[in-house]
Amino acid sequence: MNEITVDAVADPELRDPVFVEGLPGVGHVGKLAVEHLLEEFDSELVRRVYSEHLPPQVVLQDDGTTQLSCVEVHAVALDDRDLLVLTGDHQASEGPGHYRLAEAFLDIAEAFDVETVYALGGVPTGELMDEYAVLGATNDADFVSELSEVGVEFRDEDPAGGIVGTSGLLLGLGERRGLRAACLMGETSGYLVDPKSARAVLEVLEEMLGFEVDFESLEERAEEMEDVANKIQEMENQQSGMPSEEDLRYIG
Amino acid sequence: MNEITVDAVADPELRDPVFVEGLPGVGHVGKLAVEHLLEEFDSELVRRVYSEHLPPQVVLQDDGTTQLSCVEVHAVALDDRDLLVLTGDHQASEGPGHYRLAEAFLDIAEAFDVETVYALGGVPTGELMDEYAVLGATNDADFVSELSEVGVEFRDEDPAGGIVGTSGLLLGLGERRGLRAACLMGETSGYLVDPKSARAVLEVLEEMLGFEVDFESLEERAEEMEDVANKIQEMENQQSGMPSEEDLRYIG
Amino acid sequence: MNEITVDAVADPELRDPVFVEGLPGVGHVGKLAVEHLLEEFDSELVRRVYSEHLPPQVVLQDDGTTQLSCVEVHAVALDDRDLLVLTGDHQASEGPGHYRLAEAFLDIAEAFDVETVYALGGVPTGELMDEYAVLGATNDADFVSELSEVGVEFRDEDPAGGIVGTSGLLLGLGERRGLRAACLMGETSGYLVDPKSARAVLEVLEEMLGFEVDFESLEERAEEMEDVANKIQEMENQQSGMPSEEDLRYIG
Amino acid sequence: MNEITVDAVADPELRDPVFVEGLPGVGHVGKLAVEHLLEEFDSELVRRVYSEHLPPQVVLQDDGTTQLSCVEVHAVALDDRDLLVLTGDHQASEGPGHYRLAEAFLDIAEAFDVETVYALGGVPTGELMDEYAVLGATNDADFVSELSEVGVEFRDEDPAGGIVGTSGLLLGLGERRGLRAACLMGETSGYLVDPKSARAVLEVLEEMLGFEVDFESLEERAEEMEDVANKIQEMENQQSGMPSEEDLRYIG
């Protein structure tokens, strides 16, 4: 195997495809959002990306077989156009690996003549929330007003820490290729897996790309998480202060 | 020395060889199992693998001489067939090194026309145990029923964390070469070196490969470890709760 | 993108240019100093350096757009000569990356026929200070007396830990190219962003290079930091001992 | 600069040279020993080794100038033969760097037709000591008896952790080149810089190579350290238990 190996599983003709990335990160917002798209629409696996920059690991599947750590790209058929949806269980484990994998992902986008890339993720607020703003960032100044019109918020140099990992590099390295890219970041406590934040991000995507998706299954998952959150707040009232991040990690 | 150097110590003709890996890991189950095979059967060293991805270290031998960190492959003569048994004191120290060494190990397997690979290891249960199930995972769906017939348990997506390191990659990278591979994981507390778990794994291998091995020496080692475990449980009764993982690490 | 990519944004003719580096470090002294130069004088961006050895990250700008992690070199026009000023938000994340980026920076200096390099930084004293000595280090024995004449202090093997990172390598690798380089290190507590230390360093540079810069804006920032320092000393009097480095990190 | 750059500073004719390595390690035993040889005998710098696998750092010298992290090899003139003495302030910072630098050191040894390599170091005992045994390890079984005759102790698989870093690799990689090498490890508490242990190691070397060295300056340094050790034992008597490793690190 090479440093990065891309298996071309299928090469369908795509209609005006948009690239959507959702890898694990804060609140699993990006990954929840793209997994919901894969559940609700017809899709076809088109690429698998293997790399020594992903963990040396196989995951177990329902039937007892294993799958080597990889990142997958599916073609998702909306009514009027197609998406190329990238997801997986892992990001690269160190800096240069992040750069090299992000270039490989952009190569795939370009091979399908993608013109716009959306990187989906979460931005931590540090507190449990009722309303979920979606923050934006983009590598194309003209894109800001378009995104603002559908409710994406652009706040001064927020998040202050920038955008780290694959999402950040899709914007940064995409810009160097002349590929328009935006990051949509759903606000989330940062403590829990957050299906509500994922819904907020998908609602922006619906407006931008002109499609509709059923949120029932995501809503159910959100209610389960709400039960968890309520229990935490009870604990909080009984005890002193917020649960530690350590406690909450095991709940997510 | 290159990044990876394979010394071809011997090139015997092997009878329908099966590749068996047992490197250090949870409860040292895999390493104990393959070391027991090397003790009980005639064997011949056929390959030594050196690499800068192994620790920069020599180990001391009985006679005052040193040996550079390496992984060894021995040919083990059973009655009707041969095994290629891989073991050593170390796994790679980082991700890309794991991938590159696993490819080198698979190259050796293929050079000897191996058709099946067994990766032996342990799976931690977090508690001291009486009965030792052997969990399975494989890169070949058809292999599941064969393994189930001899008692290997396939549990839904268990272990949840997948299989990390050389064992995982032998399955994941083996699949890409069309090489059938299974991981046999003996349940073990995770606290102690566990010869009983190693025996449970070897008993599966006996059934699969049609050989018999004497377990006396492994049984003696198991009794020693049982004494240790009993002392721990006494301590446990006297004090509050389980010994910390920290305490137990020094006993293993 | 290659391991290191240098974008040649502009190639102006420069008058006897001197290279001045100020990347993040102790008390942000070097970065504050060069940012002050960029604010007070006309400047032109001449190079951007991107690299997989910088963090996999974009930063957000005022207008909602992002910029990929990079190091920038600006040409700064003093009255009689020009400076090449290198700054950025990050240093390399590991050793070999530091070496490779420092070589790239020196290549830029040499492409503009630079003869002298100044690396600006801070040296931690561990206590809040009133007077700010500037310590020196150089790769050219003849340069010591010149620097001493304008007040730079050379203390026996101080700092004992040497000079780590880009500043150190500009001296060390610069020497191998026959490029004269000095490190000017403003004393600073190490606890706070320190504009006063940055001023002390710039005053040395003024004398060495024959220019004058207005310090008003830096003075304002220094007063803000003094307020912070005073609050800390109040806390200190109320409580026991100095604030922990942990506490202070969040103030900087 | 390349990954590793070797500056050939001088190429003297050497009389039956023996290679002696002493880099920083447990109790600084190896480094103290070779530094003592460099102080007591005439020597000439013959090689400097620079590498991105050494820290990105310059050290400060008495005169205010800096020196890039490097490893140096000096030719040391004994009465009847010469030594090639390797020392420096650092070892490599990660595994592959250790391997690559060790190969570069062995290349230097071979370029001078060296037939024997001594790697000097310390082995931690965990307690302050009065008598200093010297443990041995070698890559050549025939060398064991020669070393035993001058008092080097070979203990069964001791140290159990093997020999890590440059010393270990000089034996391990040296063996692959057919180069005889031994590691001489002076017992030392592991808490303090230990000139007495360095003397014990040098006394073995005197016997093996037939030379005599004055130990006065090393003895003075040992007395200073003894004062430190006594103070620690006083503290120990006053307080409960041994000083923590943390405390002692700052004394070394």
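Annotations for the structure displayed:
Note that the chains take the letters A, B, C and D in the order they are written out, and that residue 1 is the start of every chain.
Criterion: a residue touches a chain if its C-beta (ideal position, glycine included) is under 8 Å from a C-beta of that chain, and two chains touch if they have at least 3 such contacts.
For clarity, every value in this text was computed on a predicted model and none was experimentally measured.
Common neighbours of chain A and chain B, by the contact definition above: there are none. In this entry, chain C maps onto chain D through a rotation of 90 degrees when their C-alpha atoms are superposed, rounded to the nearest 5.
Put simply, the chain farthest from chain A by mean CA position is D.
A separation of 37 Å divides the Cα centre of chain A from that of chain C. Averaged C-alpha coordinates give centres for chain B and chain C that are 52 Å from one another.
In chain B, no residue touches two or more other chains.
Taken pair by pair, the chains that touch are A-B, A-C, B-D, C-D. For chain A in complex with chain C, the residues that touch the partner chain are 92, 95-96, 98-100, 102-103, 136-141, 144, 154, 156-160, 162-166, 168-169, 171-173, 175-176, 183. Taken together, the chain C residues at the contact with chain A in this complex read 1, 3, 50, 52-69, 93-94.
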